[in-house]
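Listed below are the structures to be examined.
Two complexes are shown next, each including subunit A; its partner changes from subunit B in the first to subunit C in the second.
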Partner chain A sequence: MGRRIAVVILALSALMPLVLLGLWSVGDHWFFPTLIPPAFTTDSWRATLTGRLGAAALISGVVALATAVLGCAFAMPIGRAMARLSGWRRHMASALAFLPVAAPPIALGLGLQYAFVTLGVSGTIVGVIAAHVVSATSFLAIYFAGVFTALDPRIEDEARCLGARPLDVWTRITIPIVRRQIGDALALGFLVSWAQVPLTLVIGGGIVRTLPLEVYDYLRAGETRYAATGALLLTVPPMLALLAARRERVAPL
Partner chain B sequence: MEPALLVQGLAVPFGSGPGLREVTFDVAAGERFVVLGASGAGKTSLLRALAGLSPVTDGTIAVRGPAIYLHQTPVLFPHLTVYENVAFPLRIRGRPQAEIDSRVRAALASVRMGGFAPRMPRTLSGGQAHRVALARAVVARPALLLLDEPLASLDPTLREDMRRTILGLQADWDGAMVIVTHDLDEMSALADRVAVLLDRRIAQIASPAELLSRPASLAVARFLGHLNEMPVPGDAVAVFPPTAVRPQVDGFRARVSGLRVRVRGTTAVLTLDGAEIEMSVDPLQPPEIGDELTVGLDPRGVLKFQNVDTPSVPMSSTRIVS
Partner chain C sequence: MRLAALVAAPVLIGVLYSILGALGFVGLDAHGFTMVHVTRVLGAGSTWRGIGWSLATATVATAAATIASGAVAIAFRGTRLGDRVARALVAVPLPMPHIVAATLSLLVLAQSGLVARLLYALGAIHSVAQMPPLILDRFGIGYMATMAWKEVPFLSVVAISVLATRGPRLEEVARTLGATPRAIMWRVTVPVLWRGLAPAAIAVAIVIAGSFEGAYLLAPSNPLALPLLTYEQYRTIDATRRADAYVLVLVGLTLAALAVVALEWARARWDVE
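Let's look at the complex of A and B:
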């Protein structure tokens, strides 16, 4: 009985905010203390197809996808090299890789901003992607270091010994063996970029409008309906990732 | 014929010491060449150097074609079926599918794993994984196969099975094998010729039978387990196996002070003029401890060495090139 109550409370605490967001996203002229919106409208949802919210979601998606792919592409070789180190070298490499994660995003953003202004990519989507990739490469490299530490190094040695060139080793041995972990890393890179605000703000300079930025602006402007709609859109990729993760079979390397 | 492998004046560093030096030998196509040495003698370093996996500091290695090094424990690709594991060396060489199929099936058949093609490596026993690794090693017909103690980690039944598999490999592949081991049984089971690695050099190269009956030096004789040593006049040492000690009516008087039971045979420990020697005895009817025996030596089993460093057996009977 007690357990059932706990489950109900947990479900309510997880679902209530979403239900409220849902109501907010369609409620018209809805003010405290009214419990149910007096009128409904779908204008904010229509905006996801044609208006600012839709454009922002598209930009966020492009940035997050590029970040996930590029971040993994950079982080995998770095993580594999880190996994082959030991002792103080491993420690130093880990600390170095962790630095962009440990540093406050604003600080990292300001540092990158200086470099990106010189490169002329500040305030562009390319600049935002590059900044997100720096941060993603950092934590994904640490993630991949763990993955490759668990991978028997003799497997790659064996492939080389049988005549495989380095590219063959990557494409036929290493990547297929860790493909599930690569999927996880892509999801992780996507989600962190998808929710990223400070870096986008500093590097994008308010010109690159991603979804979380639009939600912020709508909230500040008191446009609750649009903010709630944007917030609901923001929860879609994490939910999909959770569903996918639930279905995955847990298999050792 | 040109040898499959020619090693001349090779120096291989290993551990913290000076490393192997002046390693010179050749291996013919189709030959199984065993490098025999104690643990820590540098056998694995030599093998890895031949495979190009470890550095050498001097000398030359000439291999007629690619060499493949096989780990002591099999390392199969966990994400590929048995078939795809064996096909791997052919796939990376871009061979056509028809050729891959026929060669993979032939290789699997030669190690008696024909029915296992669709299986995943994690479903195989240790012995089966060994056989698949062997098939994968020879499928691309390397000039040279390097094996690191291939029987060492196996139980007695699997050892015999693996020995047959290794001998069977050369049925349709004429490559050479270099096998390192510390184990005399493994050596005699697999070798066409054997090199003894002692004190960081090759001490002798001979056929197994020649090596066991005519070790080139006292050190080699000791390594081969010629248990008995007795000083003889002229600053020399007589070395003989327990089988050379026989009961003899007019022989030396000796007293049985112990019994030793080994796989290779049971021996009685005899005390003779204060020295201890071992004599082969019938394991089912051994003498009693304290028995007095009169024994003699079969002269055919006795080797004489001037001292530790000078071999009395002429080196010309071996194929050492120096």
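Let's look at the complex of A and C:
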């Protein structure tokens, strides 16, 4: 009995969020105490095509894509180097790599802001991407350290012995072996940026309007229909990533 | 090692700038060395209340999420269909961004939210005012509930994998040595689970304590959570007080650094790969 109730609670916790957001995104004149929306409208969904929500989703997508690619490019060699360490050096390195993850994002943002103002990228999309890359690189370096720990370094040594240059080792040995993990890392980097708020707020200075910022503004303005629509859009890429990861796991080798 | 230091470099640059800012060397209203910002921030009750509030809510939310995840992992560790369905369901909210969780929380727990409407339909309340405030409330009940709900999927995934990889062999040994099911549960399963979960739980507590998104929408304005207090100081119109934000940044980073040390210590002590 207890188990059944637990399964029902888990099912509600898994499915209700999407159902509720969906309902709220189309409910019109839906005020307390009515349980079901008295009328429906699709105006907030039309705004995803032509209005603020659509523009914000586009900016978020571009920023997240750039963050994923740059984050992977930086994090891969760092993770590989970390995997080759042992003992206290390994713990020290993973503590250092973890620092940007652990640092409160608002503290990271304010700390970075001066450097970004000096470089002239504060308040620009380039600055926002750079700030997101800092955070994503940290996540991804830890991820790649795990990936490369599982990879036998002798494969690369062998290639070097046979005369491969460092670049050849990367492009013809290492990258092909971890190709799937790079795909996962790109998804992870995308998601780190996609949901980012404080770094965008501080470095973007309110000028770079990503989707999470629009959701905030709609919520604070009491525009729950638009906020719910934006929130639903925000869940799409993460849910797709989760589905892809599940499919990969059940796929035959 | 040098490359890992490169990842930390932006944080270190941030720390350096924050130190210079906090001591009055750089920034909008900088006139050279001064301790006025440091003494003002560290002497303010709001700073300590903010730190206390952030740490307390993060601890309670993490503890609740950890217990719930452990219970899910133990209850649904079998191979029956119900177990597999439950394990799949618990992971579904995993990738949901914090801001979406906070949005939902507002729609469900606010005084005119779904819970209030259900209570009204059941006749338990008759107006919005009768609904106890769960959002922006002093104790952060809605905030803690949201954070705990948001972190259960992650901790459950870790707990399930810990039990699957480290549990069965030790439990088998205990059973062979004549332990009762109750003894196996409390002296083998739960300790194994805790050791595997501890690093993840510490990481979750760090994330919650530093999280901006949830607090921005759900936390009260008094006391103000540490990340919000930092942002507020940074945005203040009084230019002479802006540097106070950098002192708060340093406080936040110090707490984070201590937490990272705790995390590495927990990993070195308990992570038996």
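Rule of thumb we're sticking to: the second predicted complex is superposed on the first by the 239 of 253 C-alpha atoms of A that agree within 3 Å, B and C clash if a C-alpha of one lies under 4 Å from a C-alpha of the other, contacts with A are read in each partner's own complex, and residues count from 1 in each chain.
Note that contacts are C-beta pairs under 8 Å (C-beta built on N, C-alpha and C of every residue); 3 or more make two chains touch, one makes a residue touch a chain.
Here the structure is a predicted model, which means the values were calculated and not measured.
Three-chain overlay on subunit A, with subunit B and subunit C fitting side by side and no clash. With the two structures brought together on chain A, the opening angle seen from the C-alpha centre of subunit A toward subunit B and subunit C is 100°, to the nearest 10.
When both complexes are overlaid on chain A, the residue A:203 reaches neither subunit B nor subunit C. Shared-chain residue A:154: touches subunit B; no touch with subunit C. Shared-chain residue A:177: touches subunit B; no touch with subunit C. For subunit A, the partner that touches more of its residues is C, with subunit B and subunit C as the two candidates. In the superposition on chain A, A:242 makes contact with subunit C only, not with subunit B. In the superposition on chain A, A:59 contacts neither subunit B nor subunit C.
Contact with subunit C, but none with subunit B, is seen for A:77 once the two complexes are overlaid on the shared chain.
Shortest separation of subunit B and subunit C in the overlay equals 23 Å (C-alpha atoms, whole Å). Looking at the complex, you find that subunit B touches subunit A at residues 51, 53, 66, 68-69, 71, 75, 77-79, 88-89, 91-93, 136-137, 140.
If you check the complex, the residues on subunit C that touch subunit A are 1-8, 10-11, 13-15, 17-18, 21, 26-27, 72, 75-76, 82, 85-86, 88-101, 103-104, 106-108, 112, 114, 116-118, 120-121, 128, 149, 152, 203, 206, 209-213, 216-217, 226-227, 230-231, 234, 245-246, 248-249, 252-253, 255-257, 259-261, 263-264, 267-268. Contacts from subunit A toward subunit C in the complex involve residues 3, 6-7, 10-11, 13-15, 17, 20-21, 24, 31-35, 75, 77-78, 81-82, 85, 89, 91-100, 102-108, 110-112, 114-115, 134, 137-138, 141, 191, 194-195, 197-198, 201-202, 212, 215-216, 219, 224, 227-228, 231, 234-235, 238-239, 241-242, 246. On the side of subunit A, the complex with subunit B involves touching residues 152, 154-155, 157-159, 161-165, 168, 172-173, 176-177, 253.
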